[in-house]
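Going by the order they are written in, the chains are A, B, C, D and E; count residues from 1 in each one.
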Amino acid sequence: MSVAPENYVALSAVLFFIGVVGVIARRNPLIMLMSIELLFNASNLALVTYARAWVDNVGHIFAFLVITVAAAEAAIALAIVVVTFRSRRFVDVDEVSALKG
Amino acid sequence: MLLYLVWLLPLFGAVLLWALGPQLKSWAGPIGSALIGVSFAATAVLWNGATAPHGLHVPLVSWLAGWDFGLQLDRLSLIWSLIITGVGFLIHVYSIGYMDGDRAFARFFAYMNFFVFAMLTLVLSDNVVGLLVGWGLVGLASYFLIGFWFYKPTAVSAARKAFVMNVVGDVAIMFSIFLIVSKIGLTSYDAIFSQLGRSFSSHELFLIALGLFIGCAAKSAQIPLHTWLPDAMEGPTPVSALIHAATMVTAGVYLIARFAPLWSSSPDAQELTGAIGALTALAGAILGCAQWDIKRILAYSTMSQIGYMIMGVGVGAYDAGVFHFLTHAFFKAQLFLGAGIIIHALANEQDVRRMGGLRKTMPFAFVAMATGVLAISGFPGLSGFFSKDAVIYGALETGHPWLYAVGVITAGITAYYMFRLLFVTFFGAYRGAVDPSDLGIRHPELAGTAELAASSGAHPEEEEPHHHAPSWLMSAPVALLIVPTIAIGWLDFGGGDSRWQQFFGGFFPRAHELTANGAVVTHAAPFSEVVSTAIVFALVVIGFAVAYVRYGATPAPREAIARLRTETVRMPGVLANAYYFDAAYEALLVRPAYALGRWFIRVVDPHGIDAGVREVAISAQWLGHLFRSFQTGLVRAYALTIAVGVVCFVAYYALAFTGGAR
Amino acid sequence: MTVTALVLGPILIGLALYAIPRERGGVARIVAAVVAALTFALAAADPNAADASRHWLARPFDASFHLGFGPVSYWIVLLLALATFGGALALSGPRARDVAAQLLVLQGAMNGVFLAKDMLLFALFWDLMLIPVFLVLIQTPHARAAWKYLLYNLCGGLALLLATAAFGAVAGTTDVIGRTGLHVMIGDLWGTWIFAGFAFAFLVKTPVFPFHTWMPDTYADLPPPVVAVVSSVQSKAGLYGFLAVVLPFLGPEAARAQTLMFVLGMIALIYGALASLAERDAKRVVAYSSLSHLGLILLAVFSGSVLAIQGAVVYMVAHGLFSAVLFLVLGAVEQREETRDLTRLGGLGARNPKLAGALMLAALAALGLPGLAGFSGEILILTGVFRAGFVWPAIVALVAIVLASAYMLRLFQTVMNGPEVPDLPERRDMTWTEALAVAPLIAGFVVLGVAPGRVVDVAAGAAHAAVPNAAAFSRAPVAPEDSRVVGSR
Amino acid sequence: MSSALGSYPVAADYAALLPAFVVAIVPLALLFADLFFRGQGALRRGVAVGIAIAGLVAAGVIAAEQYPHDYAAFGGAFIQGGFSIVFSEIVIVATIATLMLSVGVGRDDQVAGTTSLLLWSASGAMLMSGAANLMAVFLGLELLSLALYCLCAMSPRRTARESALKYLILSSMASGFLLYGSALLFGATGSVAFAALAHATVTPLLALGAGLFLVGLAFKLSLVPFHAWTPDVYEGAPLPVTAFMSIATKAGTLAVLARFAYAALPPGHATAILAPLWLLAALSMLVGNLAALSQTDMKRLLAYSGIAQVGYIVTAFAGQTPAGLRYAILYLAGYMFMNLGAFAVVALMARDGDAVVGLPRFAGLAYRRPWLAAAMTFFLIGLAGLPPTIGFTGKILILTTTVSASYAWLAGILIAGTAISAYVYFKIVRVMFAQVDPAHVRDERSRNALPWVAVAVCAFATFVLGLVPLTPSNVLPLVK
Amino acid sequence: MIAFWIMALLMIASAVFTVTARQPVHSVVGLLVNFIALAAMYLTLQAEFLAVMQIVVYSGAILILFVFVIALLSSGTKPFVVGPDRAPRILIPAVVAAVLTLAGITVAALRTPVTVMQTTATNGTTGDANAFGSVANFGAALFTTHLLPFEITAFILMVAVIGVVLIAGDEGPAGIVRRKPKRNVQREPILRRDDKVAR
């Protein structure tokens, strides 16, 4: 490959930070979850990049397991979102702030 | 063994009477008196042992090495013990009659016995600590007895005043003890005196003597610690007679006499002591002229007489001082007891302005008082004559002409105010029915005219003062006291080889032989003792004459009243307020102390110290609420805090390690 | 196993008292009194009981459950038993059972503090000591005092914990109390901080001037039986700590801190005296008075004079005895008159001669009347301090003694003397139980005042252990007699 | 550089993993058994909980058997040994206690499910305690967390779902950081094994990776400033779940943290890399106690106290002294007993074992239910660090190691935090002993008495551990 | 080379779109694009198997799930309303924080060049049996050395299943039982829901 791994890593960092911003800035739980998926994918990109750099496929395996976990997590997350917001008018996490102080 | 008995019987009596007082009822008095009498007898029995070269000595307790305490009876303590128990016995007997019917009859005798015990502890102890113990205990006893009628606020405050001032003396003595022990680590007299020359510098000697003398001043009512004595007259009259005239107040004399070697080896101390003594004698005498309360007059005279004694022992005429103590014990006790008879008869009337003409109605009291007055003012042949002259001449003999002069003048003043007392009380017409304001008495309750209503209102026949004659229990002791009052002085008749001189021969260091550096110093007295006696007697006569002219020549009652009134009203404030000593103490010590304490508890504690703590607590609470307020419940806010934390982390690692790599 | 029994017995029985129904306060009271009496008998029976030791920690430093009598602690254990006995008998009111239980727990814990031969165990009981007092305090109407007490003393306890931990870390063992000839090498830096920790804890507990404000409130709010125990014994824990825990091992640091301690002690002496002179609440008067008295003991402890330390031990016991009596009697007064306000009280002596007598005796002992225990302690202490070359502290102490006579008489006279106050409730004189409660204590300080020889002898050991290098302390060259004076006969 | 064909796992590998596997398999049996007990409430619950407890006990026994052996299973991914066993046992005990509290909670038809989720979560924590490479750590953590997300929602209360949502979102974000940190670590060293990390050359990448990894752990430990979720989630979640979370999550994460801090860092640079951790510990001790000052809901208050207590435990790691590790474990065990005891008391005060229990409900408890009050007082005394409890002993041990590791400032902050916490805990004591009119207080009693067992055991352990502080001897080495 | 930059831009753009889109559905689309681009990236990094997995699992499974949920939430009588997502105050600090993070990460990453082994990677063309990143190579490692993580995932998936069942079946069978009698009067609750909405 001709592109230095640093660039991949930098890209993953950019994606990661976009994900972070998403989690912090958006109030729609679904979009927050998607941002979290972005986080995981950014991590995966970094993993795969380094796997390539070190020529060690453990990175691939790690990434694969991350994908699996992400799937499971998404399932649970969406279930919780559904039960939480089914009875609410707005799908907005700021609505859910009974616990405070 | 007998010594233990002497010492413990009074204590036993005190405990017994205090515990079983109510059950004993009227037997308390006789029992208490009997115990003292036995104690007196025992002391007398011990005469030979005491006069042996080293006296009697028995051990008591031991705290730690060098702090072994015991009792010792030698010539000096023998004299005191005899007076304490003997005069004490008489006064006990007198009290049976005087206190008859009092609510706390038994308690009174318990206290009296306790006092005798304490006083014996003081004089019998063979070491400074024991002395201090006795010193404190007699203070306590006098506190108890001054405040005997504790429902009288005046009595209560007088008692407290007396006690606190005495504690000042106690701590001063404690200070001397520190000096002594820190040097030689021992407390017994013998050890101290044997080491005096070697272990102490003259400066230290002076400091020790100073501490001890402050103790004396507090106990013996020397200026400036005298103010408690007049107030102490709040106590029952027998108490005044025993404690505040005969025995306790003369403890200072005992102390100095006991520490004669110390004094003799510290000329500065002698000068100081003598000067203070003379000053007190004069000041007391002057105040004696300005008083109207019969007991206060006697109190100031006591103060003045003790001044004489202190001057005597101070300048080194120890035996003279002690002799004056001896005679004074008798005639002052007698005076007080006589006054007690009067007060008792007049239902607690103490203001001489409201007496007068009692000569006819109370002949016995008159005789008693008259002998006393003659004795105290130094009428030739009576006891006071010998002792006082000895003291005064002693001052001259040891080379203190100024003190001598003061002594002489004081003698004259003494004669004046004592005869004033005699005349005002016993001559002229009875003024008990006169309205106090006519006599210029503004505040009767303060002027010793207690129970005004009882004396005037309760008895319709105002012309005839009601006099229930004293019971024999009261008159017998007085009668017994008259004898020594007249005769005891002759012990010292005959100069150097008199009985008295022989008794104390070589017991005291002769002042003009030994000084600090042991060099022999002799003061040539300008004139002989006879001349001195003549001078004194002349002044006494003058004093008598003035008193007679002013009060004795019996004018019409109206004029007498007018004169008393003008005298009362014109009384200069400085005398009426006893030189403002009390006011000064109040303003300089008492008020500031209370103010400071109030400031501590009202300002410093709550707003100074606690404030800091409270602030900490409050700010902790505030922080708690602050952190609560961060807890908005908004997920995104939490996420943001996490992100911020991450930023800090990343910053740290990026900077720390890339910095390292660079 | 005497010592173990002394510690565990009261605690277990105290907890067991909760089994008694709340209404049967009288029973609990008797049980507590009996237990206290038994502990006294137990301690008095064999003064040289064997130590009880069981290994506790090997890492990070050696520590063991090591209990045993010491030259000081023996007397204080006896004192504590007496005080608890008095307190238990004086119990009354609806919470008698709970207070009795806490009283016993407190006694056990304090026995532990004074018998502990291991610093860690000492710290353990030190903190345990807080709990019963706090539990009693929080059941009083307003809990401000409870929080104050907890705040101050827990901070102290934690400082002690930290210092103990540091000591263990440095010295490798904490099983050191009362061991002689043991050389713990502690560096300068460590030593200073460790000493600071100990000193803070002890000064708070004693208390001494800047840390004292918890005391008046606590003493005022605690029920009299408890405050009698607390003031008589708990306040000695700090001074005992200085004597037994700090001085033997941190001598140099202590010598360095000497000036500070003297200043604090002198401030406490005068401050407490003046404050109690002006105070209106009877119990607070006594509280401030003990602030003053304990300042005196602090002087003694840091004077480095063996004589003074012997006196300090005497005075610790003496103060324990008479302050307990003072609080018990004042408690009896409060119980009768429902007030402690000196401006309202007065004239009780006429109807309650026994009560007046007890209060009088205690007050006299407190103001150092020669012949009673206060005096013997004071004079030994001050002679020692003076001999060690500290003239001015001694003089300040003398002034404080004068003030003591003033405020103690003020207390006594305003309560007992003067005209009777008409609007005070119906009064009856001391009951037999009340008399029984104070009698042993009074007897104690009378005897101790006349013949303190025994205590002084035993204390000599502690004193020598506490000041192995008296020279480091004393400002004046130690007088040659010192050795002879102290040589235990 | 691993060859294409790695090493095949052998029986020993599975044996080493047996305890965790048992805990993870039991739920299957449980769910299966549950099918036969539909519609018969109490029995159904009993069977579910019984099987679970039996399985846990079995796992505990097996683990105890394995205690002496050190074995690196699955190519060093999971290291079975004294260290992991101790943490596993802690998790097991915590889970058993949780099950005792949870008997009465939730609907009959959900008990089996919740119980199995609980067990899986526990197995995740046990895996973390032995995990020795980044993947195992990540997966163990996710197993633990995912189960907990679901458990948090297992309550009719709306707040339960809210807490679940919050926990889910924030925790996933934290996992993201942890994951990215792992990626960077992998990038820096070319390996995912802790052992490899220890020998890597330190580059900014490594440091940063370690940092992000620590962030992830700090979140799970709810160290300040990553603690924000804790109070809300603890308050919202069902009480047993909260109790479980407060111990198991911390235990697993602490195991990972200890392994990472002690064994997975280049010796020279460990101090520099871990420096922020001590800061977090200090902050937690202060903020946790301060914020607890003004709390009135018991679960919330215990959450804050937990934040502070974790601060104490992490403090013990300072300087990475072996003694510190042992005392951290000891204190964790002690904290488990004191904390679970307190939770059990709270559970006993709610009829269904899961209700909002505010401080006012404790008013005058000492007179209504003296035994309960006594137990609570004892646990609170322990949490405040006063004798005669493990709270006292553990604290002084931690102090000693911290001081001797020359982290005296941390020790000082620990003292300060304890001083503050005293007010927090004794405030509750004060309320319990206050004289109040019972009529004004709602007095509920839990229907099942099982929590009493938990209370008794916890009290006993709190006391005995205080006098006999057993510390595990063979907790090192942590990696092979 | 060029491919990388195009992909990179595409990914960033799609990610930004995902995060900023008004409607969740749009975000899903953005995410889809992002995932596909990522898969391509994997290809350039010689991770064929992962690329496939990325497409299948993410684009195929997870995103569909998202779409379902969006549909579910917007279904029923109640209109699906996204929370009014007016420009959040919190955005700025978020961006700042993220930028700093990014800076840190990139700086760190760029300062540590990782040794790249061109040769081993390029020999053996893609698709070769045992080439790096090939399925065989991947599988061998997964089922031998890294078996444990793989097995853990089994339990994770189990948790997901049970958990979702428990959560989603919140009313559960009991709830169904409860509804049964109401079958015949089905309209009633709807009406009630309606006026609840109107209120």
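Please note the rule applied: contacts are C-beta pairs under 8 Å (C-beta built on N, C-alpha and C of every residue); 3 or more make two chains touch, one makes a residue touch a chain.
Nothing here was measured: the structure is a model prediction, and the numbers come from that model.
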What are the chains that chain B and chain C both touch? D
Which contact partners do chain A and chain C have in common? B, D
Would you mind checking the shortest number of contact hops between chain A and chain D? 1
Comparing B-E with B-D, the busier interface by C-beta pairs is B-D
Could you pull out the chain whose C-alpha mean position is farthest off from that of chain B? E
Taking every chain's C-alpha mean, which one sits closest to the mean of all protein C-alpha atoms? C
Between chain C and chain D, what distance separates the C-alpha centroids? Give it in angstrom. 44
Can you work out the whole-Å distance between the CA centroids of chain A and chain E? 7
Counting only Cα atoms for the centres, state how far chain A is from chain B in Å. 97
Please report how many Å separate the Cα centroid of chain D from that of chain E, as a whole number. 30
So which bits of chain B are touching at least two other chains? 617, 628, 631, 633, 635-637, 639-640, 643-644, 646, 650, 653-654, 657-658, 661
Hunt down the residues of chain D that sit against at least two other chains at once, touch-wise. 2, 135, 139, 142, 146, 149-150, 153, 165-166, 169, 173, 180, 184, 187, 203-204, 207-208, 231-232, 295, 423
If you look at chain E, which of its residues touch at least two other chains? 88, 90, 93-94, 97-98, 101, 104-105, 107-109, 111, 114, 137, 141, 145-146, 149, 153, 156, 159-160, 163-164, 167
Chain pairs that touch, by label, are A-B, A-D, A-E, B-C, B-D, B-E, C-D, D-E
In the complex, chain A residues that touch chain B: 20, 23-27, 32, 93-94, 96-101
Chain E touches which residues of chain A in the complex? 1-11, 13-22, 24-28, 30-31, 33-35, 37-38, 41, 44-45, 48-55, 57-58, 60-65, 67-76, 78-83, 85-86, 89-95
Residue numbers of chain E touching chain B in their complex, please. 88, 90, 93-94, 97-98, 100-101, 103-105, 107-108, 111
Write out the stretch or stretches of chain D touching chain B in their complex. 165-166, 169-170, 173-174, 177, 202-204, 207-208, 210-212, 214-215, 218-219, 225-226, 228-229, 231-232, 272-273, 275-276, 287, 290-295, 420, 423
What does chain E use to touch chain D in their complex? 104-105, 107-109, 111-112, 114, 130, 136-137, 140-141, 144-149, 152-153, 155-156, 158-160, 162-167, 172-174
